[in-house]
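Each of the next two complexes has chain A plus one more chain, namely chain B in the first and chain C in the second.
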Partner chain A sequence: MAQDVKPTRKNLMQIEDRIELSERGHDTLEKKRDGLIMEFMDILDQAQDVRADLEDTYEDAQERIDMARAMDGDVAVRGAAAALKEHPEISTQSKNIMGVVVPQIESTKVRKSLDERGYGVLGTSARIDEVAESYEKLLEQIILAAEVETAMKELLEEIETTKRRVNALEFTLLPQLNENKEYIEQKLEEQEREEIFRMKKIKANKEAAEKEEREAAREAEQAATQ
Partner chain B sequence: MSPTTRTSGESSNYEYVVARVRARRAALFDEDDYRKLVRMGTSEIARFMEETEYEREMNDLGARYSGVDLIEYALTRNMAKHFEDLLRWAEGGLYENVARYLRRFDAWNVKTILRGIYSGADAEAIESDLIKAGELTEATLDRLAAKESIEGVIEGLDGTIFHEPLEAALDDFEVEELLVPLENAVDRTFYEKLMEGLPDAQSADRATQLYLEFLRAEIDFRNLRNALRIARSGADIDPSEYYIEGGTLFDAEEVRQLAGDTDQLVDHVRDSEYGEDLEAAIDDLEAAADLIGFEHALDAALLEYADTLSYRYPVSITAVLSYILAKEREIDNIRAIARGRESGLGLDEIERDLVML
Partner chain C sequence: MSKEIAVIGSGDFTTGFRLAGVRKFANVPAEPDREEMDAAVTELLEDSEVGIIVMHEPDLEHLSREVRERVETSVDPVLVTLGGGAGSGGLRDQIKRAIGIDLMEEDEQS
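And now, the complex of A and B:
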């Protein structure tokens, strides 16, 4: 509330400084927001491609496993899957996109060669190889999608936060500071006018008193000469 | 073979077994049955099966499984029952010849138990996936499934053909912590024992010669599949490590050389004795690199070959062998139709890709 601010020159100067700082911050945040949006659009395109690839890979893997379950039997497919206990290793690092920390997911041991999949080569079919291969590919796509979509989510959150800050500066803080500035300026002008009026009044009183003194002295002089 | 398996020194009873096998073969599903099945939904297939040969298994397993799982388990249990009957009926040399081929199910069961224990599955889950159609008895398999460690299973197989190769592969398993060496040891043992103890082609009678030819073809096709799979995978694997002795298509050195170059490998097959039978499949393989289609063609060629043999020497092991393959094919076909319908494959797709009518 403007009325809560003391209308002093010191406060006016402080408010002017804050307005300048806020305007600079507003410009910077606007640039950051625009930059983030551009980065987000790039990642969005990438995420859409990754998601489309993921869906294709999933459909392909599903089709292959359906065929393998039909031709080799569900028990054979489950058996081949049970022949491997080792899980792929996933490690996360982070990278910085315009101040936003996004994860970078590294995976190892996802793609396996024929002799690393656990099941024996002599007693299985090429169909099982194809299913294993397509699920390894699917897992890679899932990891990539997780990385890209998490980055997208983090960027989106940062864009929202930056947007809120820009809006807060633009529609709340700066108008309030400007209002305070105007209020103080008005008050100071008013005080100045009052001061001038007061000074004029004092001057007029002083002049009137001097006039009275002069008239009294003249009258006294006239009375002495008579 | 072991205390858990049957040995026999009696003379063979071909006439009796072949007569019973012919009756059973006649009861297998024919093309009309398949045509009906591919037009049915999964529940209709289950109902259809309840009115056929599979009625008993469908009823027995109905409380435990449902949907296509019920169909699949009923099919394998029925197949196991039929193959057990073959072993029960056969005597002497016939028993030995049938048993050596049906040991593929022993190999399957041993691998299933190893996988189950390796992945921490409970004994009941392991037992449900066993196909009790080989020489190992149900009690032996149940005892093995209840073991708590891989070492325990290998110990429990003492006296069987799988014990020594598995013990030899145990070190590799412990180093790599992967089942590959153990599974390969089991499968290699099955294939290597296939022809062990059979007479030479020169000294054998004509029926045994054809049986030997069939087994050789099976080994050749297995070597061919492995060489193609290794070549296609691009993995740094020595193909000769997976080579099985007994075939005529190539030796270990040839496999090593050919697996690096698929074109050369395909040319080698084209020029071999199988070239004519596999001509169309080889063309497809060259055109589309479709290994699955090629494997399909190898299965079909083997089935056709066994069929031809059974007509040429009706009262011999070949008739039994042909029945075993035909029964397996029936199981594969019904399962393929049921699973295909379950996953929403179209009629044409099922007929084209899944079922060999």
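And now, the complex of A and C:
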């Protein structure tokens, strides 16, 4: 790569400017990467708690629905499920973590009271109410998990790009620029040395010519006096 | 902007969620074939009203590679899987790739 640049002083100055800029960018990006990773660690802890809760709640809810199926019959459970009128809704807002936009999910109508559920209270047993309640709880936690895991995905993506940029600067761009800089510096030094040598040569030539002239003049003088 | 939760899974899996009021659901047979599963997931992915997709972790195995990757990396809607333990949904691989360490594994041991 070093051969691609012309060894001129102007190019050297440009490359020095670029090196300075790249180093600054590299430092800033490195800080950003570390900051992101720290944020990510916080979220990771949170996510693991949420995950554990979620799995527990899911198992609990499954147990309850199996119980209801066994006691009340599959048809009753399905019938109640088909009668639901209120539907949970979620709305997303965004939050900014170090330039990464992560969603914040708000939910409405997840938890419902008995009369909001829509199936007949008389025709169904309390077990179905319990199932509905535990699944409502599960939904709440799913929403929480969705929020945290989306944030994790976004952060991870950002960390990956930042890391790639840091590495590109550190291992490709900066070494290349430094190599170019060194090449130009050496080339310029060599040119300088050549220049000095040339000057010396010219000076020597000139002095020799002067000496010759003086000698010729003296010879001419001597010839004239004789 | 209000969105809904969608559930994909076997009839047994979705019934509970319907009791909690989830309206959008796709029932697939307990041993679904790949195309059916792909179609159900793709449809929900493209539904702009869906904000969260809930799936049963083992069902992910029935998806074709392409759709699986798409649903795992999707942010809107986001996928939440149940019954798979920690580090599900492709997150673990992504963490390994981005940070360079398998953070999830460490936590499983402790």
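One rule holds for everything that comes next: the second predicted complex is superposed on the first by the 224 of 226 C-alpha atoms of A that agree within 3 Å, B and C clash if a C-alpha of one lies under 4 Å from a C-alpha of the other, contacts with A are read in each partner's own complex, and residues count from 1 in each chain.
What we mean here is this: a contact is a pair of C-beta atoms (placed from the backbone, for glycine too) under 8 Å apart; a residue touches a chain by one contact, two chains touch by 3 or more.
Note that this is a predicted model, so its numbers are computed, not measured.
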Room on chain A for both chain B and chain C (clash or fit): fit
Partner chain(s) touched by A:43 [first = chain B, second = chain C, both, neither]: neither
Chain B versus chain C as contact partner of A:169, first or second or both or neither: neither
Touching partner for A:184 - first (chain B), second (chain C), both, neither: neither
Contacts of A:100 with chain B and chain C, given as first, second, both or neither: neither
Which of chain B and chain C A:84 touches, first, second, both or neither: both
Following superposition on chain A: angle at chain A, chain B versus chain C, Cα, nearest 10°: 20
Chain A: partner with more touched residues, chain B or chain C: C
Partner chain(s) touched by A:12 [first = chain B, second = chain C, both, neither]: neither
Nearest Cα pair across chain B and chain C, whole Å: 10
Contacts on chain A seen with chain B and repeated with chain C across the two complexes: 78, 82, 84, 86, 117
Parts of chain C lying in touch with chain A, wherever the complex brings them together: 1-5, 12, 15-23, 51-52, 54, 73, 75-76, 78, 80, 82-83, 85-86, 89, 91, 94-95, 97-99, 103, 107
Chain A to chain B touching residues, read off their complex: 66-67, 69-71, 73-75, 78-79, 82-86, 113-123, 125-127, 129-130
Contacting residues of chain B [partner chain A, same complex]: 68-69, 72, 76, 107-108, 111-112, 115-116, 118-119, 121, 129, 177-180, 182-184, 186-188, 191, 222, 225-226, 228-230, 232-237, 242, 244, 291-292, 295, 332, 335-336, 339-340, 343, 345, 353-354
Of chain A, residues touching chain C in the complex: 37, 40, 44, 48, 51-52, 54-55, 58, 61-62, 65, 77-78, 80-82, 84, 86-92, 103, 105, 108-110, 112, 117, 128, 131-132, 135-136, 138-139, 142-143, 145-146, 149-150, 152-154, 156-157, 159-160, 163
